[in-house]
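Letters are used for the chains, namely A, B, C, D and E, taken in the order the chains are written, and counting of residues starts over at 1 for each.
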Amino acid sequence: MATPALDITNLHAWYGESHILHGINLRVQPGQVVTLLGRNGAGRTTTLRAIMGLTGARKGSIKVHGEETIGLSTHRIAQLGIGYCPEERGIFASLTTEENLRLPPLLKSRRGKVMSESEIYAMFPNLAERRASPGTRLSGGEQQMLAVARILRTGADILLLDEISEGLAPVIVQALARMIRELKKQGFTIIMVEQNFRFAAPLADHFIVIEHGEVVLSFPAADLPAHQAQMDELLSV
Amino acid sequence: MTELFGIPLPALLGQLLLGLVNGSFYAMLSLGLAVIFGMLNIINFAHGALYMMGAFFAWMGLEYLGLNYWVMLGLAPIAVGLVGIVIERTMLQWLYKLDHLYGLLLTFGITLVIEGVFRSFYGVSGQPYQVPEQLTGATNLGFMILPNYRAWVVVASLIVCFAVWALIEKTSLGAKLRAGTENPKLVQAFGINVPRMVTLTYAGGVALAAFAGVLAAPILQVSALMGSNLIIVVFAVVVIGGMGSILGSILTGLGLGIVEGLTKVFYPEASNTVVFVVMAIVLLVRPAGLFGKEK
Amino acid sequence: MPSSPRATLLGYAALFIGIGLLPLLGAYPVFVMKVLCYALFACAFNLLVGFTGLLSFGHAAFLGTAGYVTGHALKVWALPTPVGLLLGMGAAAAVGLVFGLLAIRRSGIYFSMITLALAQMLYFFFLQAPFTGGEDGLQSVPRGSFLGLNLENDLTLFYVVLGLFVAAFWLIYRIVHSPFGQVLTSIRENEARATSLGYDTAHFKLLAFVLSAALAGLAGSTKTLVLGFATLTDAIWTTSGLVILMTLVGGMGTLLGPMVGALVIIALENKIGDFGTALADLTDVAWFNGLGESVSLVTGLIFIVCVLAFRRGLVGEAMALWEKLQARGRSPGSQASA
Amino acid sequence: MSDFILETQDLTKEFKGFTAVDAVNLRVQRGHIHALLGPNGAGKTTCFNLLTKFLTPTRGRIVFAGHDITRETSAQIARRGVIRSFQISAVFPHLTVLENVRIGLQRFTGTSFHFWRGLTGLKTLDAKVLALLELVDLRDMAHLKAADLPYGRKRALEIATTMAMEPQLMLLDEPTQGMGHEDVDRVTALIKRVAEGRTVLMVEHNMKVVASIADRITVLARGAVLAEGDYATVSKHPAVLEAYMGTEATELQGAH
Amino acid sequence: QISGDVIKIGFLTDMSSVYADIDGAGGVEAIKMAIADLKGVAAGKKVELIFADHQNKADVASAKAREWIDTQGLDLLIGGTNSGANLAMATVAAEKKKPFISIGAGSSALTNANCTPYTIHYAYDTVALANGTGGAVTKAGGKNWYFLTADYAFGQALQADTTAVVQKNGGTVKGSVKHPLNASDFSSFLLQAQGSGAQILGLANAGGDTINAIKAAGEFGITKSMKLAGLLMFINDVHSLGLKTTEGMYLTDSWYWNQSPEARAWSRRFFEKMKRMPSSLQAADYSAVTHYLKAVEAIKTDDADKVMAQMKATPINDFYTKGTIRKEDGRGIHDMFLMQVKSVKESTEPWDYYKVVAKIPGEEAFTKLADSKCPLVKK
């Protein structure tokens, strides 16, 4: 079996004094699309941030393409080929749209496809129109597109996408869904955090449910019907 | 002759121009402080000492290596930048997680050490440094005789200030810097080595101070203590400007130089307190400073 | 928990009696008085930084103001000594009020920079004002008498100064352990929370600032009385740096720290030359002979070392060590760790 | 007197062209536990900051108990009886648990500026403090430093301090955030208990908590009110499902 | 008889700050030379030197002085630079009844309003400088003056004293501009001075201010139309400015290393040790200590009152100066010299900076007893 793109064992993470992740185990094969589900505050965002080394203290093991990253600093982790799209989008107010787009440098390990700027603008025509305006003047949806677009041109092959459909109009969500399918075809490994199950379900190869900082359920897409009841219980409000 | 407040207009213009010369120094120094503050969140008390170091390096280059002003104008900032890298790597980097005050105290300590070292080697009465040959002499502007060197100081520092402004506001490197001040963590998550960027920013900021030092060497006393009084005035400039923006610090620096210049004409005794008075007034009206962002 | 209040009080009493005995044991009264003045200055400074978290970089202004006012009152106006002291303190408090009103509006580094700039402005005023004597200083200030005691005698003055110091120290202790002190502590720990509980934090900080200024003023007045002169050194910004160093070396936010710090720094200032010579004799390194000429270099190094390695200061580190030992002394299992 | 203890009219906060709170009309009924929900970044915390004047509104009015408090300072509002907690735990770490609560009570003694007075005067408050600590199960820990408490206990301490102020209106920002299960249940029960006779406005992400104690719910999204009503209404509101609660079972099936 | 069986000399000066170059470690060396030249012995007892840096802090100076007198059995206190520190030391010395010789202080108050029976003011004071420069320059034809004055007591006193002398000698003062201490940039003030049309620009300031003002004056071409007169300048200032910037300037000093063969000989010895030529203060340090030790040797006691009387009764006659110490107030009275800075061409060797233009007799240079406010002077 090939080296997993991402292999997490017994991951603990803290924010200051609050212990948020209590031993997450997670393995993602290259080219897979995995969706993390869970209630608000379950720890999904924290899982992604922990992968990037952005939480407080971390313990356990996180291997990216077989390389241990728990002791690395954030930029080294990113350079292994991870593109991160944060929940709060992280569009820089003091940068124009174009500067935002060009901010992440091309990674040394360019495993994934490197999209050219024109390809990106073709995929998100809105951004092309507004390339000169300050990043935070964009609408929420446009900002979301920008946040995703930004990491596509770097050559990262593992994408961590945190609630990218959040707060977007259905058309755009559909566009994003098309985009993810396209990325999947191109061989990207994708880990998505989603509230919007309708959006995530048809895209994912694998589902993982997190509750109170632990993985409580993990199954391939094919087994979805079998886990329906359990899912209802875990995710219903 | 036209007069304004009893001063002939041409004389007044002359004084304004001289104010601009001083303003250029303020602008370069407060710009360096602002750049450093933006990335490191540290008020660099050592800025004055590094400015002095720049001037001294210019003198040492000439004295020991026979390198002229123009060479040292390039080399001294690089050398001081290297000193900055050492300071940041060995000391400052341990302070980022602590209260800002420790940064202030540490750089204060660094100031004393740097000044102490230069004092113990070179004494205090200063070293001679001549205006470079190409710039000796003066030009009659009609309303005043402006030494060529002063004109050069204004031009050089305006070019440098606006080059730095352009670098930060208009280039991709600048974009990284700006992004880094907004959200360093995320920038790092894009694979950018933010710690290194921070180090280089500090080096760049102090190199600016050194550049100002070299510019000052021919017109001021090159001595160990030349930076220690200046830095406090520059602090006041920074409080007035508010560290809000790059352009803001440049404009505040220039503006205060001019204000000071005018005071030298109308009430010379107060010329080194006027900046503090302006500071008090600005604080009353706009606590965040002229260009500062409200918290 | 640290020792009981009663034991602490006894400790302080012993300390002050000890200090009171020093001259009888051959210590030099004027030197001890000078240390006491700086210790008071540092304690006053610490009242602000240690208990409100406001780092003033302009405390020399209060020391200088009070020194000059007291000197002038005693020498030119020939007022009784206690009145001179009170006037000095009052002037420092008034300056503190003005500084405070301007500086309190900003916090953190800005606060430091503003106090520094304001103090520098006052320094220029003192430099130019005729009554300070410029660089010559205000010299030959008579000591006068206090409650019928002739202060020209060093030993008499010593006990009066010690008395003033103990009173001031008691006041500081009181302030720290008062309802007001509690609110100050809470503001330092979490200003937003204190505000949300209904405290106008700016008013509290201002009062703390004025109190600190007044006490720093007392230090300045006493210093003029002891030494017989007031000079620009008292008002210049490096003196503000010095008091920060004293507090940092001794331990910010501890009651005892500033006293220890003041002793260390003043001793250093006075003895560094001897120390250097001794080191040179000891190690045969001639460079140490020049140590006496490098006070500020050494001061700077101490700053750096303190900030990088001993942020809690001598007393703070000692207390931390003590607590650690005590914690180890307690049975290990008695407190379940979270 | 109106039924509503707190009303906002077109409350708006803009940050440099970005509208974090957008013309919110919030009405909190006296005696209710009112929950404020919304996705991350919806503007809940900002709303709290506006209500307590930690931020100055760009536009709009805030009326508390019939008084227009839009122009008052944070401290004044607090003295009117609007006391908030913070999203990130807000205790005074180096004070003891007892002192933490006493700081609040002390305000009523009017001695807070008395720097010459000893602490003995405050000791008379201790009994009351201990009673409050009893309520939140912290009595045994009264003499520990707040910094040494486990996280969940700190939140409880924060609530005790808030209660000490006898607030008419308590604003709790994510009181259960970062807690383990047991703590969540304890704090939920606690809030329910202390809410008797007062009004509580709380931000909470934990739906179980909201469902069990909230009388009324306002959902914010992108700074604006998306829906309002009791739990049953809100939790079925399609826009809320879409923007906040996410997919429900029915839609799960619908997807296939 | 010698107290403590040793003659202990204490020297307090600025060794680390703004005045460290004109006295400082060089002053220590000069005193050591003085002691060594007398074989380290006076009246059959060993002579010891202790010294310390007063950091320009009056409180450090007075504390050290007290401590030395009380615990080290000090016999003579010597004050280096800084008027404030010297005044504080004078007070302590008078209180403890120990001889005090001030070398480097400029303030004339030491032997005037603040005089004591134990103070000797040895080298110079601002009055002498004003008389020297103001008088000699005006006599030499520099009739129109403009002052650039540091705005504090010292600068104003210097300006006032000089103005009086200039006017007495038939000159006029066309105006003055006050600048704050450590003004760093002088261009603006100089422009105002230039507008006045005066011949002589009197610099009533010191140290860094003087240096920066001279630099700017050269740059603005002011030296073409006006002659500069430094009212308080030492050779180190000229050295740090270079001859190019300073040539033609006037200044007054009590001594110059190249003024006589004896001076030259001593200075060469000093140069061997310090790698720089001595300033007038360092020479005065040597002279003062020698004068004291010779007094002790002559009367075989270090009793303060007797030594003071002996020092005042004996004329000084060495390479530094020929003069006396005035009995009434302790003022050292000796010739002062008006110097002009040589041009680069005139200078033949390193440190060859001055030519002596005029000699001002001591009686003219220093405050006359008739004008003194010293309470010890009976009128």
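The rule is short, and it goes like this: contacts are C-beta pairs under 8 Å (C-beta built on N, C-alpha and C of every residue); 3 or more make two chains touch, one makes a residue touch a chain.
Note that the structure is a prediction, hence the values are computed from the model and not measured.
Visitor: I need the common contact partners of chain C and chain D, sorted by label.
Guide: A chain counts here if it touches both chain C and chain D, and no chain qualifies.
Visitor: In contact with chain A and with chain E at once: which chains are those? Just list them.
Guide: Looking at chain E and chain A together, the chains touching each of them are B.
Visitor: Could you work out which chain's C-alpha centre is the most distant one from the centre of chain C?
Guide: Between chain C and every other chain, the largest centroid distance is to A.
Visitor: Name the chain whose C-alpha centroid is farthest from the C-alpha centroid of chain B.
Guide: Farthest chain from chain B, going by C-alpha centroids: D.
Visitor: With chain centres defined as C-alpha means, what is the inter-centre distance between chain D and chain E in Å?
Guide: 73
Visitor: Return the distance between the CA-based centres of chain B and chain E, expressed in whole Å.
Guide: From the centre of chain B to the centre of chain E is 37 Å.
Visitor: Where the centres are mean C-alpha positions, what is the separation of chain A from chain D, in Å?
Guide: Taking the average C-alpha coordinate of chain A and of chain D, the gap between them is 32 Å.
Visitor: On a C-alpha centroid basis, what's the spacing between chain B and chain D, in Å?
Guide: Once rounded, the distance between the two centres reads 47 Å.
Visitor: Touching at least two other chains at once: which residues of chain B meet that condition?
Guide: 116, 119-120, 269, 272-273
Visitor: So which bits of chain E are touching at least two other chains?
Guide: 16, 20, 151, 180-181
Visitor: So which stretches of chain A touch two or more other chains?
Guide: 93
Visitor: Taking the top-of-page definition of touch, could you list the pairs of chains it picks out?
Guide: Taking the chains two at a time, the touching pairs are A-B, A-D, B-C, B-E, C-D, C-E.
Visitor: How about chain D: which of its residues touch chain C in the complex?
Guide: 52, 54, 73-75, 78-79, 83-86, 90-95, 99, 102-104, 106-107, 109, 111-119, 121-122, 143, 150-151, 161, 165
Visitor: Which residues, counting only chain B, touch chain A once they are in their complex?
Guide: That would be residues 172, 175-176, 178-179, 181-183, 185-195 of chain B.
Visitor: Could you please specify the touching residues of chain E with respect to chain C in the complex?
Guide: 15-16, 20, 24-25, 51-53, 55-60, 62-64, 66-67, 70-71, 82-84, 87-88, 91, 107, 109, 114, 151-154, 180-181
Visitor: In the complex formed with chain B, which residues of chain E make contact?
Guide: Result: residues 16-22, 151, 177-185, 187-189, 191-192, 195, 207-208, 211-212, 215-216, 219-221, 236-237, 239-242, 244-245 of chain E touch chain B.
Visitor: Using the touch definition up top, name the residues of chain C that touch chain B in the complex.
Guide: 55, 57, 102, 105-106, 108-110, 112-114, 116-118, 120-121, 124-125, 128, 237, 241, 244, 248, 290, 293-294, 296-304, 306-308, 311
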